[in-house]
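Sharing a structure, written as structure tokens. Questions coming.
By letter and in written order, the chains are A, B, C and D; residue numbering begins at 1 in each of them.
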């Protein structure tokens, strides 16, 4: 993998996709399929979560197996604040982001001392700790999770309306993707990608590798927290299963399908995976066999993901 | 250009989907959401079979309209259940929902269902919240309030003079209701309340703790496979010679007996001890099911059976005008059917008022291990929360 | 009180030894082939299902276990030859994802064959009761598990430290290139190790079946524990796996038992009894994080 | 050799052992600024270990390293680089999947004192034209100009060694630790490398670890001999060539 460079072709594709997504609610209302507006919000939220993990794994080269902890932390922050009477998105969402970032700082500062397999395992262990801690705290819902009985309020916007909420999610994701694209081409982005390529060399060149990795890890965690804050608003429930290691695995599956180390990889993967789930589950309850086989095929024969297969994800060098 | 093409494909798929739902009020659509996989699956499957049996006996109709029952597994995960419920409400646009076994799932799903003005007919989950302050015109329960069976056990344990009891339940709303219900009528010493993880299967540590506490009775509420394992391990640990085991009715249903009954009857032989396994329940078994499906004539399917009959009667009453929510609610409250397990009537919080009986596991005339009904614990018993319910 | 501690210690020992059956195979695959195999838990599940099915069909628990071990070993070898071999040279992310895919596939295949409901597997009648040891009762079946665990640990020790195969395995774990240079047929060695690991998985699944439930997804939760064990013990070390297993088993069980009453000294009973088990579950992860913090290569690093 | 020289690096009694084996045993060494100092010794003498200890890749067990007036004991690798201490690797250690130009820009970009830290998240790197220009200059110096767009892995071995040198140079070090820059090179490539080092010697102090004795005696101002983890001799080439102990311990049974 070289350094990430986006082509004009991909920017055009992204703009067209954005336009199509802007028209989606109108289309769905016309078809009397309001359900799919809400569903699309969900897909975009997972796209955001997968994108945040792609920053950590795909760009930073840190194979974190505990990303769900940050996703869940964001969701729980919003739900807990709502429990305490704080419903303002302007307050709750940045706080969710901050809590997830803080957690990532804590976990990252310890985990980044280890390498390779041990890093994978220690991030997993920390995520499990957070999982069991949440499960144990009855006042935060324990096993049952914490209900969010009404969505956050956002100025004069009515987030209870699925379409309005959808546009808020879409705007958030678009901004994050724009920022990530800028980041990938910035000096920081180049540094973390080079660390992914050859960490010891970066150290020998005088880069404080640990700090760069930690900052990258924290940004990824913070964005996952933002995704969690959105998700709890979409679904109305902060569930401990959001923190489960299978959730971390699912996010990984998304970015590998979509393309590791590509700005749009997380989006492509989340959309593909959730659409498959939505439509194939009605065809056969055993559709996960198909998913497993596709995933195997991607890993064995298309390491750049589906996006890479079609050249969406990265410029050809 | 590829992404736009994708979107177009998606749009056509949806178009195909819409045409199916064009016809309205000529059928009754029921969203059946239940736990059909994992250790808690036994109850969900029983309820589903009971519900389907009723629909089958009604020639595939509910209230004279063709019935469409959409069955989906919630995997015993609240967030999965929520997504399915959202789909039921917004995409399938179901007229009724039913099926949920576990109260934590009920609580996660309830609000959106009620907000959507869709009637939920509970065949099992009866959380205290929906009986009391959060009672809702769109929620009906044909089984019981969670506490009720546990109250009956508590009363019986109290009456029989047990002095030192250990309580075991999973750490979720149903489990907490169980402990509260038991203690409402049992006033003796509770030496320990053990909360286990929902879905836990190995109880070695808890059993060792029970052994050290030396209680004269253990009350456990562990639905499905959890209960099977608990009883098996309880017997294997040799605790059954000194301690009596009590459980609410569904923990001693026929499939549970099939799994562990042999051992339980073995330990109730005169030589090894005094253990009998006593379980209160409501009413008689479902009489007709054995002929129609493989379902044994036991208790849990009757809950699903009753849920279907309740819908049937109400739809018939409003003559298929399912949009008239007010009329439909009145028809449901009127309850135009007689329950197979002995009759009940709805309280003001839409929970049943009914009798509770005691069963003991023993051998029947043919020497098979089964449940025997011993006597009545409560007559026309209501739940403890109805006073807090201000139904709008 | 001492009796309670003794019983809990036995429970911890039983749990730890069963974990060891899983961890032993996992640590060797991990250590020798540098391969993260998430599908190890699936072999455990398949083993348990096979044991339950054969036991039901034949009426003999022993036949069930034997068949399950053989069939799972065969399945493991097949899997290694056909698929996993391609992954040895790939990065850890590819390995995690490919074996994650195997979990999805295995779960669905099992669901298709045996259904979504748990399968019932009962211990032989003779072992379903308690036995009296030193004045208190302990389940006979759990004693059997301890016995089997100790036996397998002993056999593995002999195999690894006193046979040629074992020497190759040890050499492979500490330096793969060197072993290849010595002319050992490494491919065959890998397949053999994988098959043995799979058989041990099946043994663990079959033995734990009657205690737990034979159900889809049973492999995932225990897999994570097995990973914790081998990371604590040091990847590639059988001795580390044993120590790690016992440590995790004892810490988990004793923590589960003792923490609530300890917490009750400081907190209200309700808070204590709900916080206790969860804190106990965290305990092993805290243990692991602490060990990795001080000894980033685990307690008994195999690579010098 | 007429200008006044100051001590740039002082290694005092540094020891490093692995298990029971001493790789370095109270090794001492002094480098003066401006010189090319060669470190020679038989295989396993501890040369690469010393480079590791100096660069911070390995901690020393005992002894002291003073660089440019700073005690390096507690300094991390990247801090040492910031002080002006850079190393090359014996085995080629590049960003093999990145383009040649990106390899060098990453190295140039590392100089915090010139460009500030790289915690810059929004501004596109393409606007940092000064960094790119300098990278092109460096590539010209090591004669790799035409290959800027290739991936590093596509270069020949000799070209990769040159790129390695360019990367080290890009950090503008005061002291360059060159670990066998000519390892595995053909004769022609070696000649090019010697010329390159000669060219660089005018600008930067070097500690050169090398087996090629012709190159060593041609390039070095002074030579130290490391045997069994200990520096047994240090001096100008002629002195070392004549030293009996060196001849006996090393040159006598040279490979």
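Here is the rule we use: contacts are C-beta pairs under 8 Å (C-beta built on N, C-alpha and C of every residue); 3 or more make two chains touch, one makes a residue touch a chain.
Predicted, not measured: the structure shown is a model, and the values here were computed from it.
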item	value
Between the pairs B-C and A-C, the one where more C-beta pairs touch	A-C
Farthest chain (mean CA position) relative to chain A	D
Chain B and chain C: spacing of chain centres that average the CA atoms, whole Å	35
Inter-chain centre distance, chain A versus chain C - centres from mean C-alpha coordinates, in Å	32
Mean-CA-position distance for chain D and chain A (Å)	43
Chain centre separation in whole Å, for chain D relative to chain B (CA means)	75
Multi-partner residues of chain C (at least 2 other chains)	111, 274, 277
Residue numbers of chain D (touch at least two other chains)	none
For chain A, residues contacting two or more additional chains	135, 138, 142
Full enumeration of touching chain pairs	A-B, A-C, A-D, B-C
Residue ranges of chain B touching chain A (in the complex, touch as defined)	1-4, 7, 10-11, 13-15, 17-18, 77-79, 82-83, 86-87, 90-91, 104, 107-108, 111-112, 170-173, 197-198
Touching residues on chain C, where the partner in the complex is chain B	1, 3-4, 7-8, 11, 14-15, 111, 116-118, 120, 122-123, 128-130, 132, 136-142, 210-213, 215-217, 253, 256-257, 269-270, 273-274, 277
Chain B-touching residues of chain A, taken from the complex the two chains share	13, 16-17, 20, 24, 27-28, 31-36, 38, 42, 135, 138, 142-145, 147, 149, 235-237, 239, 241-242, 275, 279, 310, 312
Chain D residues touching chain A - in the complex, by the definition given at the top	55, 57, 76-82, 86-87, 89, 93-99, 102, 105-107, 109-112, 118-126, 128, 151, 167, 170-171
Touch list for chain A against partner chain D, complex	1-3, 179, 182-183, 185-191, 194, 197-198, 200-209, 212, 215, 317
